[in-house]
Structures are given as structure tokens and as C-alpha cells.
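Only one structure is covered here, and it is reproduced in the block below.
Residue numbering begins at 1 within each chain, and the chains themselves are lettered A, B, C, D, E and F in the order written.
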Amino acid sequence: MSKHGYESGRLNLPFVGHCTFGKQPVCLDWDAIDADIAVLGAPFDMGTQYRAGARFGPRSIREASTLFSFGHDGAYDFEDDVTYLPVDKVRMVDIGDADIIHTDTIRSHDNIEYGVRKILKAGALPVVLGGDHSVHIPCIRAFDDQDPVHIVHIDAHLDFVDERHGVRYGHGNPLRRASELNHVTGFTQLGIRNVSSSNRQDYDAARKAGSTILSVRHCRELGRDGVLAKVPDGARYYLTIDIDGFDPSIAPGTGTPSHGGFLYYEVLEILQGLTGKGRIVGIDLVEVAPDYDHSGSTAFLAAQLLMNVLGFIFHAQGKSS
Amino acid sequence: MSKHGYESGRLNLPFVGHCTFGKQPVCLDWDAIDADIAVLGAPFDMGTQYRAGARFGPRSIREASTLFSFGHDGAYDFEDDVTYLPVDKVRMVDIGDADIIHTDTIRSHDNIEYGVRKILKAGALPVVLGGDHSVHIPCIRAFDDQDPVHIVHIDAHLDFVDERHGVRYGHGNPLRRASELNHVTGFTQLGIRNVSSSNRQDYDAARKAGSTILSVRHCRELGRDGVLAKVPDGARYYLTIDIDGFDPSIAPGTGTPSHGGFLYYEVLEILQGLTGKGRIVGIDLVEVAPDYDHSGSTAFLAAQLLMNVLGFIFHAQGKSS
Amino acid sequence: MSKHGYESGRLNLPFVGHCTFGKQPVCLDWDAIDADIAVLGAPFDMGTQYRAGARFGPRSIREASTLFSFGHDGAYDFEDDVTYLPVDKVRMVDIGDADIIHTDTIRSHDNIEYGVRKILKAGALPVVLGGDHSVHIPCIRAFDDQDPVHIVHIDAHLDFVDERHGVRYGHGNPLRRASELNHVTGFTQLGIRNVSSSNRQDYDAARKAGSTILSVRHCRELGRDGVLAKVPDGARYYLTIDIDGFDPSIAPGTGTPSHGGFLYYEVLEILQGLTGKGRIVGIDLVEVAPDYDHSGSTAFLAAQLLMNVLGFIFHAQGKSS
Amino acid sequence: MSKHGYESGRLNLPFVGHCTFGKQPVCLDWDAIDADIAVLGAPFDMGTQYRAGARFGPRSIREASTLFSFGHDGAYDFEDDVTYLPVDKVRMVDIGDADIIHTDTIRSHDNIEYGVRKILKAGALPVVLGGDHSVHIPCIRAFDDQDPVHIVHIDAHLDFVDERHGVRYGHGNPLRRASELNHVTGFTQLGIRNVSSSNRQDYDAARKAGSTILSVRHCRELGRDGVLAKVPDGARYYLTIDIDGFDPSIAPGTGTPSHGGFLYYEVLEILQGLTGKGRIVGIDLVEVAPDYDHSGSTAFLAAQLLMNVLGFIFHAQGKSS
Amino acid sequence: MSKHGYESGRLNLPFVGHCTFGKQPVCLDWDAIDADIAVLGAPFDMGTQYRAGARFGPRSIREASTLFSFGHDGAYDFEDDVTYLPVDKVRMVDIGDADIIHTDTIRSHDNIEYGVRKILKAGALPVVLGGDHSVHIPCIRAFDDQDPVHIVHIDAHLDFVDERHGVRYGHGNPLRRASELNHVTGFTQLGIRNVSSSNRQDYDAARKAGSTILSVRHCRELGRDGVLAKVPDGARYYLTIDIDGFDPSIAPGTGTPSHGGFLYYEVLEILQGLTGKGRIVGIDLVEVAPDYDHSGSTAFLAAQLLMNVLGFIFHAQGKSS
Amino acid sequence: MSKHGYESGRLNLPFVGHCTFGKQPVCLDWDAIDADIAVLGAPFDMGTQYRAGARFGPRSIREASTLFSFGHDGAYDFEDDVTYLPVDKVRMVDIGDADIIHTDTIRSHDNIEYGVRKILKAGALPVVLGGDHSVHIPCIRAFDDQDPVHIVHIDAHLDFVDERHGVRYGHGNPLRRASELNHVTGFTQLGIRNVSSSNRQDYDAARKAGSTILSVRHCRELGRDGVLAKVPDGARYYLTIDIDGFDPSIAPGTGTPSHGGFLYYEVLEILQGLTGKGRIVGIDLVEVAPDYDHSGSTAFLAAQLLMNVLGFIFHAQGKSS
């Protein structure tokens, strides 16, 4: 088609129409996913230790993402002079949500894992919208028949608790669970900070499991390139982003905020750099809780970040214009 | 299928999945609508004279309607001992939104009219989610090749202004515009109240145009049956509901609230009675403005009311169980 | 001018322009008040015992009142077939706020009293927008050189505390203070309810001071006429309305809500009846706290009620059309 | 002490001090409960099927209850001319919250049951603040070594689901679970309404289990005495109140609101009547979700209702003045 | 004058009195403007493509500006050791709002243009409070009989769209429309960022029209002086500030937020520098949408920024102390 | 007990249990304080000049602090590799609130002073949670029988007003009042900024009283060490923190926000440095107003900052692990 969507068809303003991620097509038949990117919601928040509400994270991110939907031209960035995600080169679908079973953590997690496996089987990049951080557990588990991955983790908290009072699948445990998997080769954990982020035993365990742990201040001292230098080159990266890795000033809508967090470009530039070092093969973005996000800033942050990172990933594969 | 959805397939809790009206299927090809009911969003709010925001009405009503989605069994009401809207007898689709052109009232209205015509052509019942009350103008215009209709109007305001400062298509004008159409045979206007609802000239014009105008207090004095007795029997009814016809206690999320409004069962029972007198052939529900609806009550009201009225309409046609 | 404002001049939609009460003219020279009604703000809330914020009551009521502003024709009510407050018969001014001295209750109250005295001296009807209920104390004090008044009091609470821990001018004391004034002949206290409304000693003191005390349920049993029959005929009435006399469903934006309160028409009809029994010579409306009024319902209630009552007052004097 | 708290000691305004229920003393040693009433929080909301957040219900009700705290005199109600809950006759303690284990419904419920058993063992009346309605399951289970009880249930929903997708302990199941217990003799379920409240199978099961099921409209037709006549006389009543039994106008802060609910006095008067028919031996009040309760109305409703009902219960035992 | 306002007259705390900009005098007779600065509201938001609500921008900025009102002494800044805007040297008036005609973009814009022309005719500096960014179109048009201006534009978005679906006067078009005017000599566009800010064609068109376009990161690299060096010296500057040029952390209350924006001092210092290079002859500040500004931060930012910039402008003209 | 709380006893998630500061024990008998740290609430806000609501500051900070409560191990910080506030070395109690007398500033302040004196008498570190900044006056007065102190003041405003309209004890006066006390040896005032922060006379008076006054930009230019170099060495420091010293992006919930404020680590690092220079002997943290803090960010900031600073103070005394 020679003309873009603004000249023919609908104007399709952001506030018009159903909310799918980036207003991309829906694919509810999980055996028929035919796309480069598949977005899955994981509206589970029974793993939270303080404020819940992340079950509405997928809906709020989808709503916010309509502001960053774009026409047939893709997404132009004048700073880079690149049009990212051109429709003719990158196909994205929104496959809806994993089925959640209230009161039942195990089966809810299983359903999330099932969805990610379906995406991987279709050869698409899985992008999972949480939900609390415990949904990382089934996401990373679903990669067990894939080539190994190195986990890049943005968060205020280490999330490396083993077990407390029998709890092994809450939102304080996901990276510990990941560390037990053979296909996970190591961790880069960025943004960890403050007295509530960890305890000495968990910190030691994470270090022992091969993690590089950097606080926000560490990252600022090292700079973007210094941080990137600590990530193993040429790996397959799985990216897990807890929105509370960001500062409460831009991500107030989350259950357990921690002051002193990352600002937007700090994370964006590290992730842009990462796409130049290796390939991001899976993403989950968690802990957006819209009940605490009265202006919508947090959901916009999640949507804006994802849209940009997805552009970088496929630009690195030559899929841009 | 012999088993209902709870026993096989997904649990599909209300907070899970994309937001369509009642979680019903999407039909974006408006030439392929094949259903008994078709829901269209009309996210237009440039006609408002005070607080805007009704452009997000369709999204908020769709979100709220997920609470009233139901499985394959339909919607059981123990008071009536009826299961309304059984899936095998009533098919509903959500056809998305009319395209809105910012700054341009005329073309936005034309796009709404286009959508309603498509629904009517498919033989489905059009249910339009506003948007401000000016969207009634294109909705009712689209019926010009149908049999005549009598308009039943729930509102705090008479909305019968002819023209002020050149404005003819704002949210104070819709019923006046409707009165100029040949296929509109008369009006029953319910809930009109308070000093800001009208002026003497408009009131007289409405009376002259064949309107029965009843305040909330009039309706309470008459009772449900007394009100129904004033509506012509056996007509085809077009139902236009401004959510501010309801009391601000249950409908705070609207642009121009007016105290002293209807409560839930008052309207529900009149509308249930109406389905016994004739056939409701079109519906618009307008002025839900989620920015003022912090608890979601208003959107729940809109969704709950529509779901029940739709059940009554098809029950009157023998489509229930 | 023969044409009304809609045809010439400005359209002047409610959301346009500075916020004065009903968009009426400002008069900041308190020695030059020339009007039938003068509206004064009393943004004082240091008398509150629970949630403060009533200091922003005057601003929120003025904002809400713009929805009920009207053109040169006045305010038409089709139920009564009366146009209230026609501009050529009733002149209203907004004289701004009394000066408030933070930390200093006595001087703040004195400044309120000063403003009311200025209004009375000008021969206008004082309408005071609180502020907490303690502002009634200076309001009623300012009538000490006027003919005696009977106080009609709408409230959830009796407000008849004498002194606790030295406090005599808080929002629990105003009616007790009024009872000590020679120009106050008695009280009708309506809406008092619930276990937090009073204690036995204060209740007995109020009865001894000549008060008729009716709960919401009492008023419902008596009906409008039964309630009015308990108010002395032909008196000069001073009307003090605590917005928490209304139900939290329509007046959530207040410091000390109490469930089971009045609905809109219950109060409106009693006050309409009151204007037929005698003359309302002063009004204060207090305890609107916009920080708890997220949809604006409470401020709309205050503005809508005042606009209607003012219409009734001057209609009873033949000033309507 | 001959003087009440207002004259000596602290003024202790509602906004001052730690939040315990009614500002009553804390008792964290559950083997040392020495009181007539013991209040326990059950901040569990993993059983919810739509909006969560009821985990903060206990905190919000405690905060709201400070408005209804009272001095040494107790709580005077001038309509009844009774001082309820005089400190020298009724002793209340707040024993804190049951320990909640995130991701683990069974163990969380067990901890709630443990707390209720401790209260019962101490001979106090258990008052449990939810949490979602699934917390009723452990509450009623804890009565298994007590004399039989008849359950009085206020709710919009029947909550009589047996099992779906393996879920047996969610907030749709509690009354079904109760029906399986030998010490539960029957049910009176009040306020059930609307198409989302139940399905035909569950309704039939409830009827078979000995339940009297009345909608809000049924209750209004019957009147207070008619409703009470349907409750067995002289029984021991266990009272379970889902705040969504009330209308969204006064209880917006809940997960699954349903329009057309009870108003304040409708429930209060039924419960006051109940205390004259038999003895209320346990109470849970559930589903207050403060994230949707921006003005605090819902929490005030919960606190005000509980405070009054507790007064009625002990008044019926001669403990008032 | 020997005594300042704090010692005589009223204390006039920020929360007291009508809301005009900076509590400055009102001048509703637009033929009698006699001041150095005239503030005009342009409450138009029909040009928005996502969230509306900027129609309430003028009211919210006026309210917030009362916090920055000051006495007769003017506004002292200890960092600069300057008292800005001394009352005896700089006279400011608030002339209210342009009349807005709902549904009619053209006539609403005409009314805004009319107001700005009146201000210019009176020789005052026009300061226009939006409204959405489309109000820049009539503002800049009103300068067509003035000496040429260079536009300094703070924004996240380029706003250089020509026409889409016939729309030429929406909030994506203003700078393009300005580029068509003879009296506009060029542009400096600062803060433009992210994939939703523009597309390649519009970016090229802006460059061709003589625009210097700098992202936030560009500005940070250049530093304040580097940025200023790119602005033509000695010009007459027209300043158009879209509040979304700022970061969502400090300006959440806007329709289309974009993360990664300017912080307060970044913009303030560029604008302070600008007043040393030439003369700012007109200002519009747009897109403040209070419905998304729950803490008021955005309105405070707008008011604080304007108050400071106005001080700098007149300080550069020797009007300070 | 050899095992920490996670392995035995309760899990005690942050959302569980009564809200005391850091979930530390309550001590309501002020003659029996036996601890290293005693936290006192001062819920007084009658000293505010714009938005009130700080009376709920203590409750909101206590609630937020539950997120930063920790088990028997204390608070581990991996950046410092220190466990702060180990339970066996630092004992903290929450002694509730000072009694507040509405309408009466003097007596309310006296009650706050009384509480601080009790803490000092017990040898504990007083940590006072405001309330508005006027509560600093009684706090610092209570130190009159202690060794002299140097006041370190974090704020946007100088708060050095002497008297206006008779007001001497409002929230603009506290540092001036402190300057009149013999036991106050000087001031370091950090964060002061913007035109509303002071006037020339007050600024000169503060300088004359021995104050070092630095704006946020001054502090950034000097750096942490440069700022610390300006504070007298080896002194006893009294720390008074107005939350509006921080930027509105992280502290929106306050009455008089001022853009351009401190970010989290800027203040944290100065205060950490301070504990290495001398001893902090008293703290008040004021002006948290939860009604404007919809996401809770401000209260989390207050709690997080206090928890960290308390850790630093006792770490400097060797009480860490």
C-alpha cells in the first residue's frame, strides 16, 4: 500500500477503539500465532506482600499503549533518524491473557507458562505483561527447551528469597527460582537499592549464583557503557523489568515503591545498548498497579519503554526503515 | 456443547482478558455483522458544555461490563427465575468504535451514523456507547429508512435547545434535532429536573413537538405503571439514556450531574415494562465520564443496566430460558 | 436589553471564566454592596475535630455553581413553571472571602462577623459559604442588631457542646453559642442522627434552650408538612446547613460524614415550604471539604441547593417571572 | 472516676492517635483476651474474582472507626434515648490481624480460624474485619465446638458456588462451605440481586440447604418485620456482612459492586430487630476495599454499622445505660 | 508606601479569596486594559487527540497561582537577590477567558484571537492559559500586525502536522500553522522526544521551515548556554510552552505525557537566559489538564514557571528592585 | 531466640497488623519509655497558610513505614554491607500522638512539647511526625534543658517570619522562634528556593541569626562534601525536615509544594555524612499531607528517609551489624 493510514481509512485516534497492546491485532487462537512479537497478559497478583492490584496491570498498559500506537509508517524517532517497527517488517499480535485461577497460585502460574510456550513454539518474541513479579517464574520456566539465557533484571528489590513460611512462588522469590533452572546461565540485576531490597543471606546467595548486582548509584557511577560492560557479550538475554526499578516519581503506580530509582533514559539507554550486544529473546514487565497510578504515568512508562525496546530489538535485526 | 464454560475451557474471571462489551466477540468487519445485538462505541465529547471526558465512556463501560460477563448459561435472575441472554439464543458482537475526527463535529457524527446504519443493515439491534449526548443525533438519523420510532428519553436535562451562537449539534440539542425528523413520532422524556434542565421556550417547543415530559418526582407520583401508561402502546421505541438521568449518588461520573435523580430500580422497572408494551429497536447510553468516576460506580451502572435491558428485550421475544 | 444573553454577547459556557458564585458580579468594596443577595466566603477550618479541608469549601462551591449559572432570563423550573431569580428583579453579588488569620480562631471569626455585618448594613441577604460549622458563630452574632431570628438547622450532629478542654468555638459548639444570644428565639434542628451526633447532656441542654430536634427518620415519618408544622409560623428564619445533614451518598465531601442522612428533595421541599411560612434572613452552608469530593457531587449539591433556595426566597417576595 | 474523659485526661480527637477499632485497647497476647468483644483483622484478598484490595479493609475500617470512638460515657443515641456500650459494662479489645501467607489460601485461612478460636475460647464475641468473603470460611469453621448457629447473610451475591476449576475457597464459595458444616442449621440470605448474583444450580442448592433468600426488593415489600418473621426465633445468629449488600451509592469501595442495594437504615433496623429475637454470637464484615473508596464512605459505613450493632447486641443483654 | 501589606489591610492567605492569576485585579472590559501584563484564559480542548480536560487548565492554573501571590513588596528571590514584579513597577491584570463555542473550533479560535488582539492593542504582554495546544494558532495569528517574532517552543511533540483527515486546527498542527505566517521568522523547538513526537515528513518540513529542533538529551548535552547560542540574538520571542515538554514526574496532569522530559530548572534557566538575549513579547502555556493532576503539581508548575518568567522579563527591562 | 522471625512465629507481611512506626512496639505510658528511639505524632495543622491536612501525616507515615518494617535481623543494605537497626542493639517505641486541642494553637503546641520532654527525660532520641511545620516550635523548645544544638533544616521555605497580623506560631514562623532560644546556636538551612520562599527582611534576619542558607542549586554546585563543610563540626544537631524540601515529583503530598526541590539521594547522603560529623539528637519531619498523596509516594519517602537516617545515627554509635 502506497499511502499511509492517515490519508486513507480511519484516523484512529488513540482514544478510539478496543484496547490491545499498541492497537495491534488480536490472536486468541494460540495455535495460530503468526507474528514476530506476541504480547500476553498475566494478570496475577496473589504473590504480593504489600499492595495488590497488579492484576489490572495488563489492562492499564494496553490502554496506555494506545497513545503510542502508530500508523502504517511505524514509529519515527528523530534523534536516531530511524523508523522503528514498520508494519511491513515487524508483525505484532496481542494474544490476550493467561487464565487465572483465584486462590490457586500453582495453576495460575501453569497457565502463564502454557501461554509463553505457545508463543515460543510459534517462533515469536514473548512479551508478558504482569501481574506481580511472581509471574516471572512460569515465564522463565517456559524457556527450558530453548537455548540458555542470561537474565537482565531491572528492579528495586533483589527478589532472591528462597522460602519463608513455605512460600516459594511469591513476588519475592522469582529470581531465586530462576537460579535453580539449568537454562539460566547468570544474572545482571540492576537498580537494587535500599534497606528493604534484600537481606545478607539472599544477597550472598545471589552472588553465589553468578549475579552481578548493581544499585542505581552504582549504575550512575559506571555510566551506561560501564554497566553494559558487566553484562556477558553475545548472550541470549531474557529481560525482566519490575516497574519499581524506576523512581516513584515516574512509576508511582506499583505495590512496593522505593525512592531513589532509575529515571527513564537511564534504563532506556542500557536496554538500547543491550540490543547491540546480543539478542533479547523474552520480556516480562511486571508490578504495574493502576489503582495507585492516578495520572496514568506508570502505565505510560511501561508502554513507552516496551514500544521503544521492541523497536531496538528488531532494528538490531535490520527490521526498521 | 453439554457442559458450561465453568467445567471446561477457561475460568475467565472478569479481570482477565481484553475488554469488549460483556466479553462478547469482536467484529471489526462492519459488512459481516452477524448477530442479534451489535455494540458500537461513539467516543465523541466535543459537544459538552461543562466537563468533557465522555470520550472514554465506551472504554470504561466495556471494562465494567466484564464484571457482568457470564458463561455459556446466560444470565440467571432468581427474582424473575429467568436465564436471560442464553448464548445459544442471543448472539452479541462488539464492533468497536466509530472513527472520531478531532475538531470536526460534523464528520465525527457522520462516522457514528455510518456505523449505526451498518448495524441496522445487518438486522442487529444497535447499542451505542457514548460519548456525549450529541451522539444521539447521528444515531437517530440512521433510522431514517426504518419504520417510525417513538423516543424514550432518560435524562436530567431536556436537551431541546434549537440553536445558540450557531451551535446545533452540541449535547444540549439532540432531542430538538430528533424532533425535526419524519421518522420520529414522539417523545417520552423522563427524569427532567431542576433549574438548569431547560428554559421556558425549549420546554414549550418540546411539548409542541409531542413530548410527554415527566420529572423524577412526577414519575414517583405516577409509579411505574402510571409512567408506562403515558407511553404509546405497541410502538417501536428508541431508547436514549443520559446517565445523568440517574442520581449523582450512583452516577457521579458524568459531566453535568444534577441532584434528585432516578435510582436504579426506578429506571430498570420502567424499561422492563416498556419491553412488554412494544419493541425497543435502538439504544444509546451517553455521558459516562470516567475521570469523575473514581470508584467505577457509574460505569458499572451503565453496564449493569444495559445487560439487564438487553435481557428483557430478548426475553420479550422468547429468547431466554 | 430585549434579547437574552444566548443571542447576543457571549455564550459563556459554565467552564469559561472566573469562578464567582453563580458567575455573579464581584463586589470587593464592602461599603458599596448594592444587591439583594451578597455571597461571602468563610474559608476557616481550624474548628474541625476530624478531617479538615473545609477552607477550600468556598472555592469548590463557587466552581460548582458555574454549572448553575444562567443568562438574563433567570432560572426556569418546569415543574413549578416559574422563572426564578430573573436578573431584572434579583441582584446578586459575590463579595469574596473574610480574611482568615491562621492559628487564630478568635480573629478569624471576628473577620467573618465583620463581613456579615457589612452585608446586613447594605440590606442584602447574607449567604455565607463555609468553612467548618464554627463559622456559624460569627454569622449569627452579626445579627445582634437585627430583629430576632429562629434558627433552622440541617445537620447530622447537634453541635450543642458547651466547652471541652477550654474549646468553645470549634465546630461542635456553634448552636450552643447561638443559644446564648438574646436575638435567637429558638431552634429547629433537623437530620440529627446516630451515636456520634450528641450526648445526653447536650441533648437535654438543647431541648431546654427551646429546640425541636428531629432525626432523619423522624422527618420521614412526619413528612414535609409535619416537619414544617413544628417550625414557628411567621418568624424570621436563619438557615444554617451543615452539608453532612445530607447522606454520604450525595455529600461524601465533608469531614465527618454520617450514614442515613437526608436526600436532596427531602431538604429542598422543607426549605421551599419554609419560604411560605416566613422569611429567611440569613444563610450559612458549611463543611464542604473538596479533598474528599472527588467527583464534585458535594459541591454541586451545595450550589444547586443554594440556587434553588434563593429562588424560593425571592419568589415568595414576588420576585420571579 | 466520676468525671468523663472530656473533662480530665486527653481530648483525644478522632484524628489523634493510633488506629485501633474504636480506639479500644490492643491485646496482642491471644491467650490473655479478657473482654466482651474482640476485634480481629483478616486481611486476605486472594479469593477475589475481580478487584482485589480488601486486604487493606481492616486498616481502613479501623481508621474510620476513630470517628465513632467515644469517651467513658459510651455512645448516646437520642432517638432511642440509650447510651450504648458504656465502658463500665462492655469491654472491647482489638487483637490485631491473623497472619496472612501470600500465595497460600489454606494456611492463611487456618490462621484466621486460629484467631477466632482464641476469641471464642476467651468467651468474647468475635468481630472479624475482612478481607474478602472467603474469610467467612475459617470464621464459621471455628464455631464447630460451639452450639449450632443460624447464619444471617447480607450480600449482593449468593456466594453458594461449590467448585469451579478446583476452586473451593474463593469469595464465591463461603456460604456453600458453611452449608457443609454440622453446626450450621440454616441461612437467611438478604440483599441478593441482579444477574451476576448466582446461577440456577447454586440458587437451587441454597434453597435445598435450608436457605431463605430475599432480594432487596423482596425485603422492601416485606418490611423490617416481615423479613424478621422469616428468621427462626431464639436462635444463635452468626452474622456475615458483605459490604456490597449495600448500595454502591454508600459502599462504592468494594470489589464487585451491584446497583440496587440496601440503604443504611434498612439493614440497621433488621439487625436491631434481630438482637431482639436471639443472640448474635459472631460477626464478620468483609469486602471493604479502600482503593475504591476515595471519600472513605464505605469504611465509615462499616465502622458505623458495626458500632451500632454491637451496641444493640449488648443492650439486649442489659449492658447499656 | 511605608508599610507593606502584611502590616495593614488583610493577611490574604493563599486559600482566601477569588482565584485570579496571582490574585491580580480583574479587567473584564477589554477596551480598558491598562497594565504591563494581561492574562487571558483559552479553555478550549476540542483539538485533543487523546485525553481532553485542558478546558479546565485556566481555572487550575489560577487556583495554583494563589500560592505564588505576594504582597506589595513583589517577589523576592534570595538566590538572585532581586525582588521581581514589584507592584509599583509592573501592573498585571486578569482579563478572564475567551468565549468558547462548543462543537465549533473555528469560532472558538476566533474568540481567542480577538482577546489577544485586544491585549496587544493595549500595549500589554499577552499571557494565554490554555486549553490545548491548538490555541496557539489564534494566539500567534493575532501578532500579524506586530513586528516579526521568533517562536521558542517547549514541548514533547513537534506539533508540525499539516493536515490529516481534513484536520488543520487540532493540537498536532499549531507550529505548522505558525510556519505559514509571514510574521513568524523561525523556530527553536526544545524538548521534542520519543517515537510519538513526530514522523519523518513533519520533521523534514519543520527543518525546512527554519526550525532548530533539540531533544531533551540534546539540550542536556549542549547545556543552557549551548542551547541559548542556537537561538537568534536580539529577536522578539514568542514563547509557547506545552506543559508536556516537562517530565511526567512533575507534570502528570496533561493529556499526552511523554517520559524523559525536562525538569524544572532546565527550562527555567533557558528562559531566564532568553530574557537576556531579546524580548519575550507573548506567551501561551497549554495542555494543563487538572483531571489528571491529583496533587496539583502540574498546575503549580505552570503557575510557578510563569510567575518566574514574568519576573525575568520585566527585570530585563529594569522593572525590579 | 536464635532464629529470626521469618522462620518462627508470624510472617507478618507489611499489610498485616496495626500501624505503628516500623511496626515497633507501642508505649502509651510516657513515664515508662525505655528505648533508644521514641516516635511521637504531632497531628496539628492549624498553622498552615494554604492546604491543610498534615494532621493525618502521622497516620500516613506510620502506614507507609510498615513497608519498611523488618524482622529480628534488622535492615540490611547491600551497598553499605551493613545491617542497620538490629533489634538487639537499637530499641524503638511508638508513643502515639500528642493531644491536639482544636481551635487552640498554644495548648496544642504545649502538649507536643510535653511529649518531647518526656522522651528526652527517658534518654531516647525523639522523632516527631508532623503535622505542619509550626510543630517544630514546641519540639525545639523542649530542648531548653539540654546541651545546645545546631539546627539542620531541610525545606523549600525559610520559615523565618517574625510576626504578621499577630501570628507568631504558624508554619511560616518556626525557625524564627527557634532563633530566639538560647540553646540554639545556629542554623544550616538547605533547599530554600523560589520566589515564595522568603522575603528580603526575613532573609537578612536569618543571616544575622547565624544561618547558612543554601538553595538546591547551591547544594548541587557544592556537592555533598561542600555542603557538609559548611555545617559546624562536632555539634549536636537537631534535624527538622519539611517534606516540601524535596521535589514535588517525589513529595507531591504536601500543602505548599515548590518545584525544583531535592531528590532522594541528595538529602540522604548529606544526612548520612552529618552522622559522621556529630550527633543528631532530635528529629521532626513535617508537612506530609496524605490527601494530596494519592499514590502514597510522599509517605513512603518520609518513612524510608527516617528509617535510613535512624540507621545511620546508631551505626555511627556502633549499633549495627
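Operating definition for what follows: a residue touches a chain if its C-beta (ideal position, glycine included) is under 8 Å from a C-beta of that chain, and two chains touch if they have at least 3 such contacts.
Composition by chain, UniProt nomenclature: A, B, C, D, E, F = Agmatinase.
Remember, predicted model here, so these are calculated numbers, not experimental data.
**Student:** Based on mean C-alpha positions, I'd like to know which chain lies farthest from subunit B (Agmatinase).
**Tutor:** With centres defined by C-alpha atoms, farthest from subunit B (Agmatinase) sits F.
**Student:** Which chain pair shares more contacting C-beta pairs: B-D, or B-E?
**Tutor:** So, comparing the two chain pairs, more contacts are at B-D.
**Student:** More than half overlap in residue numbers between the two sides of the subunit C (Agmatinase)-subunit F (Agmatinase) interface, or less? Answer same or different.
**Tutor:** same
**Student:** If I average the CA coordinates per chain, which chain comes out farthest from subunit E (Agmatinase)?
**Tutor:** Computed centres place D farthest from subunit E (Agmatinase).
**Student:** Between subunit C (Agmatinase) and subunit E (Agmatinase), what's the gap in Å when you average each chain's C-alpha atoms?
**Tutor:** 39
**Student:** Could you grab the centroid distance between subunit A (Agmatinase) and subunit F (Agmatinase)? Build each centroid from C-alpha atoms only and quote it in angstrom.
**Tutor:** Each chain reduced to its C-alpha mean, subunit A (Agmatinase) and subunit F (Agmatinase) end up 37 Å apart.
**Student:** Provide the list of subunit D (Agmatinase) residues touching at least two other chains, using ranges where the numbers run on.
**Tutor:** Each of 11, 13, 15, 49, 51, 55-56, 101-102, 165, 167, 247, 249-250, 292, 294 in subunit D (Agmatinase) touches at least two other chains.
**Student:** Should the pattern of chain-chain touching be classed as line, ring, star, complete or other?
**Tutor:** Topology of touching chains reads as other, fitting no named class.
**Student:** Which pairs of chains touch one another in this structure?
**Tutor:** By the stated definition, chains touch in these pairs: A-B, A-D, A-E, A-F, B-C, B-D, B-E, C-D, C-E, C-F, D-F, E-F.
**Student:** Can you list the residues on subunit B (Agmatinase) that touch subunit A (Agmatinase) in the complex?
**Tutor:** 10-13, 15-20, 26, 41, 43, 55-56, 59, 62-63, 94, 96-102
**Student:** Enumerate the contact residues on subunit F (Agmatinase) facing subunit A (Agmatinase) in the complex.
**Tutor:** Checking each residue of subunit F (Agmatinase) against subunit A (Agmatinase) gives 6-7, 11, 13-15, 66-68, 70, 73, 75-79, 83-84, 247, 249-250, 263-265, 268, 294-297, 300-301, 304-305, 307-308, 311.
**Student:** Going by the contact rule at the top, pick out the subunit F (Agmatinase) residues touching subunit E (Agmatinase) in the complex.
**Tutor:** Answer in residue numbers: 49-51, 158, 164-165, 167, 192-200, 203, 213, 215, 217-218, 247-250, 252-253, 256-260, 292-294.
**Student:** Show me the residue ranges of subunit C (Agmatinase) that touch subunit F (Agmatinase) in the complex, using the header's touch definition.
**Tutor:** Its residues touching subunit F (Agmatinase) are 45-49, 51-53, 55-56, 101-105, 107, 134, 165-167, 169-171, 291-292.
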